[in-house]
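Let me begin by presenting the structure, written as structure tokens, before commenting on it.
By written order: A, B, C and D. Residues from 1 in each chain.
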Amino acid sequence: MITKNVSNVAKALEGVSSNMTLMLGGFGLCGIPENSIAELVRLNISEIICISNNAGVDDFGLGLLLQKKQIKKMISSYVGENAEFERQMLSGELEVELIPQGTLAERCRSAQMGIPAFYTPAGYGTEVSKGKEVRDFEGKPHLLEHAFKADFSLIKAWKGDTAGNLVFKGTARNFNAPMAGAANICVAEVEELVPVGKLDPNQIHIPGIFIDRIFQGKNYEKRIEQRTLTQK
Amino acid sequence: MALDKNGIAQRIAQEVQYGFYVNLGIGIPTLVANFVQDGLEVEFQSENGILGMGPFPFEGEEDADLINAGKQTITALPGASFFDSSMSFGMIRGKHVDLTILGAMEVAENGDIANWKIPGKMVKGMGGAMDLVASAENIIVAMQHTNRAGKSKLLKRCSLPITGVNCVKKIVTDLACLEISNEGFVLLERAPGVSIETIKAATEGNLIIPTTVPEMQL
Amino acid sequence: MITKNVSNVAKALEGVSSNMTLMLGGFGLCGIPENSIAELVRLNISEIICISNNAGVDDFGLGLLLQKKQIKKMISSYVGENAEFERQMLSGELEVELIPQGTLAERCRSAQMGIPAFYTPAGYGTEVSKGKEVRDFEGKPHLLEHAFKADFSLIKAWKGDTAGNLVFKGTARNFNAPMAGAANICVAEVEELVPVGKLDPNQIHIPGIFIDRIFQGKNYEKRIEQRTLTQK
Amino acid sequence: MALDKNGIAQRIAQEVQYGFYVNLGIGIPTLVANFVQDGLEVEFQSENGILGMGPFPFEGEEDADLINAGKQTITALPGASFFDSSMSFGMIRGKHVDLTILGAMEVAENGDIANWKIPGKMVKGMGGAMDLVASAENIIVAMQHTNRAGKSKLLKRCSLPITGVNCVKKIVTDLACLEISNEGFVLLERAPGVSIETIKAATEGNLIIPTTVPEMQL
């Protein structure tokens, strides 16, 4: 097998620099690449364009990069959990491009799968359709949407092997799967890195071919945004 | 008497049919799950990647890797499945989800809906709402009939940036259950004790009042 | 959970009739819906349009339908293992539309996922591009390809539960996965039907929402086309 | 002396680099796997849905659910993965596969390739070949220099329906190793003992002959 594992997050993120476009997996705080985000803070790079479904919360996830004003532009579907975000956006410090969530996911998957563009009905007749080609299919208008381009995609899986094969858990799969292999370089961090042969080849969610570097993450906080409970 | 949030959810639950896959939005729609008739064989989809969503977990059983689209901790029922965001919206776009229930800030008499943006004030994003309303064939809106300032949310035209065009089929508010027709809002049912005049006064868009308008049966 | 299981193949294929367009999973003889094919033979319906990567061999798989001249048209990528097929095609009895394999797979997946059309470079400049819209993306010409439309998709999985969730084994996943939910009605046959709760929700390849009917198949032959061995 | 099939495969194996994902076509390309240098860390993809393909199974260990694109029984190495046809061609279209080796009936001096159809005679279909040649950035053709009738397969223009345009980068035949340039076929290496004149005579397309044309080192 081709070996993809690197010893730590610093090596995994070699080549990441200011002004780059980065994809980051996760939905809310669920499945975010915590180690890679911490390293982006440490590297102190700036003017980043982030493609990420959400923008984290004030003091966690991408909120950490927003606090330090490292982000120039966010490309997201929902950014409602972050007051600092809203402040920067309304003051004009931060550019924001809002995209329907399904379109966001499919534009990642298209980049991953070498499809330059596709049609979707989402957003037709709304602000989102401005400047986009509209075409009818069976009498229903659709928008032409393009694959994303990005320098790095930073994703997080539950388990992975040294060949880069990934397995996700629960709803943490979300954007991590379609962002795998969707940028020039894809870095995967995993909660548990195992030797090849330990994962069932039938049960691999993302084959290693989509991954360029993989590393064993550490100190996962896995913060919960809305702890909702059923009373016993 | 106008319905409370649970009343609205209870009325909407009557629309859920045997064998339906249902996507519930944040807010009142989430409450609908509590009122679905037993034995109906319904599955709830949450667009962040689960089908077969169960109730909130008991304390100590919550899992950061198991949330719904509102970022709330949830559980998975036996027979559930997890998938990525691309497949999740494939289910939605491909019309595999039978019923979508979501909130709204405004609905127009032609079925347009606005629920994602108040320019200059609130810009949280559309999340999955634009995908849902563009593809779902069966969309029910759960909302208050008027806003906090007492102004109607059932309008001739949406004043806010819209989420989708000609897509809403039915609306359940604190005052009434209405259907969208080519001519406007058709008043199907009144909330218990609410008069037609009250509903008329609270509706800015064209309101079509059939000869009989029964009270909701809750 | 929503119950999808029916008691036998006859019930599963209720509504299938002549002149329909059917999708059939499998690659060569690997992962073909053996029970559904046998039932199509028994039903003796004719003038079928088949969307299937291959056409079986002379006496197995779709070859059984070809023998009885039940097929009007094949939409496939490779049909080279079947002499009766070649005879019918060259004599003009059988219409054939050949499509690049990746385009075939993606046109199934697009039908499944509600994407009416997408662009791909495959086939540009060849016979396949005749009559198709060509568009350049980054200077490279691509063809516009459309989602398939079909009445039934007939697929086969290794395990499935009564809610229609499917798990595949080895390379038998092939076209069975992207054809799930890609037609008006999707019928899945499985080698082992289990109660809900028996399958790990993290390890389901196709969620039940894509499946309309599922049944426990029987008497699987699982014929091997090319038995190639390494000498000990 | 002209190379046999194994010789062609052996020469092509020299093109396989460390860390390459390789798709091997049916025929001579399949043999390439036997000659790849040990320790190179290479993975073979078969477009029917496996990455990490291993050798043919031992007798009794063959599995009908485990085949390659040529429908041959195979094995999976530790670290292998299985996937569906849509994802498989996503790997190919998305340029994740580093090297594609396939057979051909004809190659033109501009890099066009024909390998799927002889009108009125042989119509087996293109299988995955059109997807592979349209997206792969590194395509090597393995074939005989001439057909059974002795006619050149390296042409000015393909006479058969083409599989893809301007896509072939390199060709290894029984006689030579050649590269496609803007001006035509560049003769890089001769098969051991084969003269430039022999190659010239067997090549219909424009053949560019550098001052030195070494023999292949096998």
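Miscellaneous remarks
The rule is short, and it goes like this: a residue touches a chain if its C-beta (ideal position, glycine included) is under 8 Å from a C-beta of that chain, and two chains touch if they have at least 3 such contacts.
Bear in mind the structure is a predicted one, so any value in this text is a computation, not a measurement.
The chains in contact with subunit A and with subunit D alike are C.
Two chain pairs, B-C and A-B, are weighed by contacting C-beta pairs, with A-B ahead. Averaging C-alpha coordinates per chain places the centre of subunit B 56 Å away from that of subunit D. Put simply, the C-alpha centre of subunit B and that of subunit C have 36 angstrom between them. For the pair subunit A and subunit C, the distance between C-alpha centroids works out to 33 Å. Centres computed as Cα averages put subunit A at a distance of 28 Å from subunit B. Residue positions of subunit C touching 2 or more other chains: 106, 113-115, 120-121, 168-170, 202. The multi-chain contact residues of subunit B, meaning those touching 2 or more other chains, are 50, 76, 82-83, 86, 89, 92-93, 135.
Taken as a contact graph, the chains fit none of the simple arrangements: neither line, ring, star nor complete graph.
Inter-chain contacts, as defined above, occur between A-B, A-C, A-D, B-C, C-D. Residues 106, 110, 113-121, 137-138, 142, 146, 167-170, 202-203 of subunit C touch subunit A in their complex. Those residues of subunit A that touch subunit D in the shared complex are 1-3, 111-115, 161-163, 165, 181, 196-197, 201-202, 204, 207-210. Residues of subunit D that touch subunit A in their complex: 19-21, 41-43, 45, 50-52, 76-83, 86-87, 89-97, 135. Of all residues in subunit A, only 27-31, 53, 76-81, 86, 89-90, 96, 98, 100-106, 108-109, 120-128, 158, 168-178, 205, 222-230, 232 touch subunit B in the complex they form. Residues 46-50, 55-59, 62-74, 76, 82-86, 88-89, 92-93, 112, 117, 120, 123-131, 134-135, 161-165 of subunit B touch subunit A in their complex.
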